[in-house]
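Everything below concerns the one structure shown next.
Lettered A, B, C and D in written order, each chain numbered from 1.
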Amino acid sequence: MAEPQSKIRLVLCGVGRIGQIHFIDMLTMLDVEIVAIVDAVPGAAKKLADQIGTKSFASLQELFDDGSVTVDGVLICTPTHTHTELVKLCLSRGIPVFCEKPVAVTIEEVDECYALAREKGVPLLCGYQRRFDSSFVRLKNAIDAGQIGEIRIVKTTSRDHPLPSFAFLRTSGGIFHDSASHDIDVHRWLMGCEPVEVFATGHAFYKEIAEMNDYDSVVILLKWPNGAISTIDLCRNATYGYDQRIEVLGEKGMVQAENKPQTTVVISNEAGIHHDVISHSFTDRYPDAYKSEIQHFIQLVRDRTNWEAKLRVKHADVRNTSIIASAAEESARTGKPVKLTF
Amino acid sequence: MAEPQSKIRLVLCGVGRIGQIHFIDMLTMLDVEIVAIVDAVPGAAKKLADQIGTKSFASLQELFDDGSVTVDGVLICTPTHTHTELVKLCLSRGIPVFCEKPVAVTIEEVDECYALAREKGVPLLCGYQRRFDSSFVRLKNAIDAGQIGEIRIVKTTSRDHPLPSFAFLRTSGGIFHDSASHDIDVHRWLMGCEPVEVFATGHAFYKEIAEMNDYDSVVILLKWPNGAISTIDLCRNATYGYDQRIEVLGEKGMVQAENKPQTTVVISNEAGIHHDVISHSFTDRYPDAYKSEIQHFIQLVRDRTNWEAKLRVKHADVRNTSIIASAAEESARTGKPVKLTF
Amino acid sequence: MAEPQSKIRLVLCGVGRIGQIHFIDMLTMLDVEIVAIVDAVPGAAKKLADQIGTKSFASLQELFDDGSVTVDGVLICTPTHTHTELVKLCLSRGIPVFCEKPVAVTIEEVDECYALAREKGVPLLCGYQRRFDSSFVRLKNAIDAGQIGEIRIVKTTSRDHPLPSFAFLRTSGGIFHDSASHDIDVHRWLMGCEPVEVFATGHAFYKEIAEMNDYDSVVILLKWPNGAISTIDLCRNATYGYDQRIEVLGEKGMVQAENKPQTTVVISNEAGIHHDVISHSFTDRYPDAYKSEIQHFIQLVRDRTNWEAKLRVKHADVRNTSIIASAAEESARTGKPVKLTF
Amino acid sequence: MAEPQSKIRLVLCGVGRIGQIHFIDMLTMLDVEIVAIVDAVPGAAKKLADQIGTKSFASLQELFDDGSVTVDGVLICTPTHTHTELVKLCLSRGIPVFCEKPVAVTIEEVDECYALAREKGVPLLCGYQRRFDSSFVRLKNAIDAGQIGEIRIVKTTSRDHPLPSFAFLRTSGGIFHDSASHDIDVHRWLMGCEPVEVFATGHAFYKEIAEMNDYDSVVILLKWPNGAISTIDLCRNATYGYDQRIEVLGEKGMVQAENKPQTTVVISNEAGIHHDVISHSFTDRYPDAYKSEIQHFIQLVRDRTNWEAKLRVKHADVRNTSIIASAAEESARTGKPVKLTF
């Protein structure tokens, strides 16, 4: 066990599903002190806060107005439409921010947030957690080490399980920004450059989703400057579990990240060979990634020097992923390929 | 061992790589007699014929002119540009034909061949061997049995190994007709209907292939009447072996056909867990399929009744697959999606 | 997130490798308060205690003498030879104990500890963690649900990685009590009864281990009342990782628990198909089990009613496993099978 | 396709299940002519012979008396008790013999057969087909190439599917000579030396097998001169298929040969991930091995020079495997380990 360091004082803002994951993870980080918990739902923040003997507030503004808490960083895990305002509130006080994806709904707001972070010299980290998944990082490292040579074809599969509630889907921003953006970011990360064109098509097999004018099944095709081609396939409901795979073909070989069964048990009988189902949901699939991204945030809080260079999810990543997601949606709606400019 | 039947007398026409596979397979079929071997290359047919004590000819025309051989069926395994003439030569004599893919280069010739077969009441079977592969048949049966429900996304991967010779590629007809047609046929077979639109894109990473105005890496996207979406990815050179996979997502689950390692050996050491490479080439990958399609042909020869209904590869399969391959190539060359009509 | 409960006040006694695992795990349990940390090594307990603002002591006796701490339960993670004394110290005060395996070195002392627990009505849980591993529990449940019918052959593989230090091995108690006992307990757990005979053989490939008069590679064979046969194979040094597998053959099928690769990454190239190495050590392999056994302990602390019936590791398990391990060692040393009586 | 060679004229003696496998395999060998088929069952030989236009006889003696057939080699695939006489009949005429396992029932007869072969300078090959299986050969080569270093633990699993008929089992010679001998030979082959001691135990779960005084489930343990330990586990009825696995642990790593599913199809749904069953029987599992051993025999027939050195299954292999099988049976019946001498 390493030498103890001075504790980083963090505020958790938003205690929904993802906020609770970060809460538990931070409890295991001996160099972190959760100094306050914030949530607009009455009692939600207090309930958690009481269990670890910390303070709770109904809003970040209330916390700042209170003035009694010294804050080294804030984790924003609230609904998407509140992100921009909360990000700015923290940054303007010089407080580093970890913000769940997306930082903002519009490109203009994204740019404003990062401009403010740059102006204030304060780290802003957006939570594209797949970049922190140990299997995906291992895959990325294999590519960067030249193990498969120049990339030719990249394929990702992202299929939800279980089917999200229609109530959630109505406010999700649509499958392109809610789901596909994760994949688009992964493709950009693996390629290390921006695509030149996107073509997409989709369908709503659920009438409820059709009525939202959204899609539940989508395929996206991206073209890259070197001639490489990407495909992304998405589905809102894979009965067999949360299906999250990457496959990259290069001139020298192929690297894949496969799904992970929940156990290693295999049953063989007259009907065949049976393995257990794969991870059930994003909380099962990405526990290490959620922890790792917070650890990255803590490093940025500890040392702001050259923070923009150190960021593992940068302004351009958030910005351009959003532009590509919008172009993919445009392609699906018009039936035509869309050239990309950034 | 089943009761012996009267022997079917077959002629093998063309003794290149695929012809030799059929030759060896027929030796194990106790109800088949290879009554003659035909090849234009001097000595090639004779060399094989001598080993089993049968006759050899330089051409099918010569064999028919000779008149000494009674023929129940002919296997045509010659270069593509000779197919149509040889198919017609046999059909016009009332002799059933198994013809390697494609039956003809143009849609008009395809239609002529099948019109003649229908007119004469003589079976014509085209060798789309993937429909006979035991794993693919198993996958198709799972779909037809409703195990995955309505199909939503179909993906096939077809990557050559080793890189075919540039000499071959120059005469291959291009990656869309030579390679992608196999995948297009598989998608049509699995869906049980025709696609409504195709979008494709490709690149030549090898300058020799670029100079042929062909592609070595291609992705094709197909849209289906029910909203399902297909992707096909092709590459002329997968270093790790002949990569042939199918994945079908349905409303109730997913079915995949994976690659087959050459052995079942696994070596575990400090560097990881190592399995042997997968099948090296189509001859390694599809031995059962090549045998099974000839057995299907023999059944058609034995009983011509309702042969068109019994055909596992029909006129429409050959015709429409070719139309879609041409449309995919048009899409790749124009950069635009192409609506399909048949 | 469940309703908060009153907190259970636990003392961690011993902060070596396994003690630190329990420490971190308890931090994530919102219903647990670590009220003190104990370790004889000067500063070791204090270093951890300071990070969470709790008390530290040099010994359990000192803690009890101090009188300032209310204790609901104690975790004993100290060296084996200290276990019995510490277990009795707690039990005699009416404090429930979780004790790392083994509870004592001799059968007599094991019996004394449990007799005291029974007399005082205080839970004593011994840490055979494999019974809490999610894959092994899943396998056990499949057997108990009758999925493989009557058991015929049981095989476990337990191979260390990396090679433990010779210094540790000199004090380990020998491979039969240190390592094989885990497997023996698993076989007893799966069979649900006691074996009737044991035969074992072993060899020391490392001269350092031969000089200790110990073995580094061992095979044990157990016979069961119904005629079933078990094998256990152990090795102190598997280069490829910590190899922990179970295989059970029954009349209706087979169930296995396989190893888990560290990532899901697969690299395919000319040399074959490569997966990442498996778990490196017991800390990588059994994180869920270590957490789960403490949660079981907390349940016993919360409700002592019928604690002996609820125990997932009982007196007989600890006692008989030790008897069998001794008999296995006797067999290896004499070269003869040994009948078992309990 | 290689240059044609002069044909080797072989006689197939015995057309049961294994004889028919060799029959079909030889049809694909262009350098082999099946000059006669022999079987004592009236009509059995004739039925096959007629299909390829060759001669048939009721016995080898009849064939030799007939004098009309020139014979380069004989394949003996008759019931075990007839082997010795037929082997000697051929060898005494200077005709090479391939004989299915075992060459004889007693060690004395085995020695007599090989003495005669040596005296006459005529190859005698015994059909331990596992030495010719491509996966097992690959595993053996990995060991011989030093990839896992010195061997420490060897494990094989051999489980029949389906349960052989009780009628067959009554004449099988018992599980040790019928089944275990294959595994014993594999262990000797992999180790490259003879074991020093054997311990075995077994049980009959089927009362019919108990009544034969045989076992249906057996575990054998072998000790080797270098300290390595082997286990063999056998079962007459594995519901999930014909289970044939090898695992070898060495100082540098582990090499395994796993089972092969019948297809590569995987179905994923709410219940888990399902692969097809493994090979159903020895005919499914070892097709390449059966072919390869006959090709080895043909090489020996073509060139007898130093045939004993070239033999891939030697006199000592047949002899010592039989001695070990007998000792294993003795151990199971007496409950004591048995020292081995050869």
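Going forward, a residue touches a chain if its C-beta (ideal position, glycine included) is under 8 Å from a C-beta of that chain, and two chains touch if they have at least 3 such contacts.
Just so it is clear, the model here is predicted, and its values are computed rather than measured.
Participant: Would you pick out the chains that touch subunit A and also touch subunit C?
Facilitator: Expected: B, D.
Participant: Considering only mean CA positions as chain centres, point out the chain farthest from subunit B.
Facilitator: So the chain farthest away from subunit B turns out to be C.
Participant: Need the CA-centroid distance for the pair subunit A / subunit D, whole Å please.
Facilitator: Computed value for the inter-centroid distance: 57 Å.
Participant: Round to the nearest whole Å and give the separation of the Cα centres of subunit C and subunit D.
Facilitator: Measuring from centre to centre gives 44 Å for this pair.
Participant: So which stretches of subunit A touch two or more other chains?
Facilitator: In subunit A, the residues touching two or more other chains are 239-240, 252-254, 268-270, 276.
Participant: Quick one: which bits of subunit A touch subunit C in the complex? Just the residue numbers, please.
Facilitator: So the residues of subunit A in touch with subunit C come to 1, 4, 20, 24, 27-28, 30, 47-48, 50-52, 134-135, 138-139, 142, 147-148, 252-260, 262-270, 276.
Participant: Can you check the complex and tell me which residues of subunit B touch subunit C?
Facilitator: Where subunit B meets subunit C, its residues are 239-241, 261, 268-278.
Participant: Can you check the complex and tell me which residues of subunit B touch subunit A?
Facilitator: Residue list for subunit B touching subunit A: 150, 152-153, 155, 159, 197, 199, 201-205, 217-219, 221, 223, 227-229, 231, 233, 235, 237-240, 243, 249, 251-254, 335-337.
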